[in-house]
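There are two complexes below, and they share subunit A, which is joined by subunit B in the first and by subunit C in the second.
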Partner chain A sequence: MSARQKIREYINSNLVVLDDEAEFEDADNIFQKGYVNSLFAMKLLNFVESEFQCKVDDSDIVISNFSSVDNIINLVKKKKDIEE
Partner chain B sequence: MSTTTEAKTKEVKCVVWDLDNTVWDGVLLEDENVQLKPGIREVLQTLDSRGILHSIASKNNYEDAIKKLEEFGIKDYFLYPEIHWNPKSHSIANIQKNINIGMDTIVFIDDQKFERDEVQYNHEQVECIDAVKYTELTEMPRMNPRFITVDSGRRRQMYMQDIHRKNIEAEYTGTPEDFLSTLELEFTISKATEEDLKRAEELTVRTHQLNSTGITFDYNELRFFTHSEKHRLYVCELTDKYGSYGKIGLALVEITDTHFHLKLLLMSCRVMSRGVGSVLMSFLMNEAKDAGKKLLADFKKTDRNRQMYVTYKFANFIELDEKENIVLFENDLSFIPLYPKYLKLTITE
Partner chain C sequence: MMDRDNFEKLMTEVKDFVNNKVRPFAGKFEEEEAVPLSLIKEMAERKYLAAPFPAEIGGLELDQVQYGLLTHEIGKGCPSVRALLTVHTSLVGQTLLRMANQEQKDKWLPLLAKGEKIAAFGLTEPDVGTDAKSVQTRYEKQGDHFVITGRKKWITYGHLADVFVIIARNEENVSAFLVERDRENLRTTPIKGLLASRAAYIAEIELNAVRVPEENVIGNLGQGFSYIVNTALDYGRYSIAWAGVSLAEAALEEMVKYARNRSQFGQKLYKFQLIHEMIANAVTKVQTAKSICLQAGEQRNNNADEAIMTTTIAKYYSSKIAMEVATDAVQLHGGNGCCNQYPVERLFREAKIFEIIEGTSQIQQEIISMYGLKKYNRK
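Right, the complex of A and B next:
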């Protein structure tokens, strides 16, 4: 599975609204769309760090880096060489 | 003072008991008529009433040991019992993880030196005690919390409710937030009163993982803040359909001409998965905004409170300054997260 798919799948399985109602594109801001809450933010951070074996610096812990699949991919790319 | 000695002065949160020749005389596998050691029931009861939890690390057949504990009428004192043939250091690690407390707040009591050494080798911060000293436990300074509050008296029950909730949650198939909405959560934020202060002090002393500054305040300091025009001290209580989690949160705000300055924010680890930290944060943001001010927050980074750091950052706090792990956050309040739909929020004056 590609990194992009893994992230999408993780967000999908933790979405606040019911799965069949939720449709999001990789560029969508998932926080603004109200799909996820701040409780999810910590879990998402843990997921990214364990899945991609990297430590996100404090300065990179800002909503914008986690607000869409694209942004998460870019964040991970800063740390590691990954296959999208 | 070395760090090890220092750590072993912390108030004890859990005593982990061996069974054979510790809780009872004899070895259960060899003699099914083992007898409780004299006075053990009273030791268990006394510590329990002080809010100190009990657990078990015993090498025994699980069913037999549980049956014996039931016969003695003491089974319910023990949370997350580890009864099997694996090393006791593993058992302690599991208990620590399940109860979600620091290793430095655990005491292990066993009659066998080998077992104590094995635990000590793997968990330096655990205090290991020879079972012959069991009657002395209640006298140890670490076993005598400064205050016994309503919440300490019912701590075991609250943990039992938590186990019940966890089992239900594990079987739940919907999203985490759907699960939360089934709990009928009610979150109450109120200004601290005289009666809240003991529990408030207890919270500052007991909470490390979700403490924003690591500062502890004593009763008199907290009392001062409740009477001060320049401060506000809030306490939070959480309940759901299974019962009350108790008073689980605290926030201290200093009011300046331009800002609400958050000096301390803390939450009990037991409610970590309920998302109420963000609710309290939104409440404080709204209070500051209503007063026409911005919000500042002190924060001390430790290796244990990263979750809280992340909560601040995701609530749009910007780091104004950082010196030796002490951060000053500011929030311009341009974006205040809405209260979640899965809980009922009550704000009392």
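Right, the complex of A and C next:
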């Protein structure tokens, strides 16, 4: 599974709306759409660090780096080579 | 993680400490509206205030299950004493450990570990409780300082703390700051007339243009809610989950003691079937809640993805059953249960608090129900 698919799948499994009510593109801000709650910010940080075996720098722990699939991909790519 | 032998030895010491120096005096602490400073000093010397911290900063290196079990023992003795662990060690200490920069960790964690500085968490406000994202306390940048103005309310250990984590906003940005008590224009006022937690130095904090330097920002500016508040409340919920178990177990112990000693109609209370029902229910609830807390602790140790949800479920369930068991404990005591000569009167009042703090039961139900609607959807 590609990194993008893994991230999408993880977000999908943590939506606070039912699947059939939530459609989002990779560029969509999932927090602004209300598809996830604020608790998810910490879970996403843990997910990125454990799934991609990287340590997110303190300065990168900002919600904008985790607000969309595209932004998460860009954050991970700063840390390591991944196959999108 | 502390090895098994040392942890067993530690827990024996903790139980002795609680049974000799905490539990017999819980009512007195409440009457005097203060956990004695000498007791706090002793807890610090025993390293209980740094129980989950690494050894290099003065901690006992307990893992999450072990720290939960320690919280449980202390909570059985006195909720106001346990509350110090919740705010000082869990909400502030563990959050700094996780989210603060190295300079902040180096400066504050050894002081918190030794109890030389006591910490409190300033989130709730007179008009902002559950809707925590809407804090009205403001900050603005002035040169190389931030200026914070606002009021915080219901701050546990607020009247004793030397340093506060203060959550404030600037427009849409919510940030977290370390604010020392000796900063000019910061004042705390104890809150009287409380239902419970009367010995926990609960206070209102007034910040009237308090200036703090840039280095006091925790995490990144504007990320205080997503990362600092959520991290702190997750640690707090875990602590309160164990607090609920401990209170329920303390109430159960009082039920058993009373049922075995009190006679009515010429026989001990424990001979009556309806008393059996109360005790059976209490035992089942206590053990079930403890199991969920242990599960949450294991998941937290493993950094498992479900840990946040299991912690939420544990907090919701144990606070709910603490109230139920404490209510039955009063009922079993009859008129005596309505008098402060018996601990159940205090336990009954203390139990109610757990359904409110660190996220009300209703908020936990909202979160758990959505989780259930997805997890148990049979496609």
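Side notes on the structure shown:
Quick note on the criterion: the second predicted complex is superposed on the first by the 84 of 84 C-alpha atoms of A that agree within 3 Å, B and C clash if a C-alpha of one lies under 4 Å from a C-alpha of the other, contacts with A are read in each partner's own complex, and residues count from 1 in each chain.
Quick note on the criterion: a residue touches a chain if its C-beta (ideal position, glycine included) is under 8 Å from a C-beta of that chain, and two chains touch if they have at least 3 such contacts.
It should be emphasised that the depicted structure is a prediction, and the values quoted were computed from it without experimental measurement.
Look at A:27: by the touch rule set out above, it reaches neither subunit B nor subunit C. Using the contact criterion defined above for the overlaid structures, shared-chain residue A:50 touches subunit C, although it does not reach subunit B.
Legend: residue contacts after superposition of the two complexes on their common chain; A:61 is shown touching both subunit B and subunit C. Overlap of the subunit B and subunit C interfaces on subunit A comprises residues 13, 15-16, 18, 37-39, 41-42, 45, 58, 61-63. Contacts from subunit A toward subunit C in the complex involve residues 13, 15-19, 37-39, 41-43, 45-47, 50, 58-59, 61-63.
Note for the complex: subunit B touches subunit A at residues 175-178, 273, 275, 278, 301, 307, 309-311, 313-316, 337, 340. Subunit C makes touch with subunit A in their complex at residues 99, 101, 133, 219-220, 222-223, 225-227, 229-231, 234, 303, 305, 308, 367, 370, 373-374.
The residues of subunit A lying in touch with subunit B in their complex are 13-16, 18, 37-42, 45, 58, 61-63, 66.
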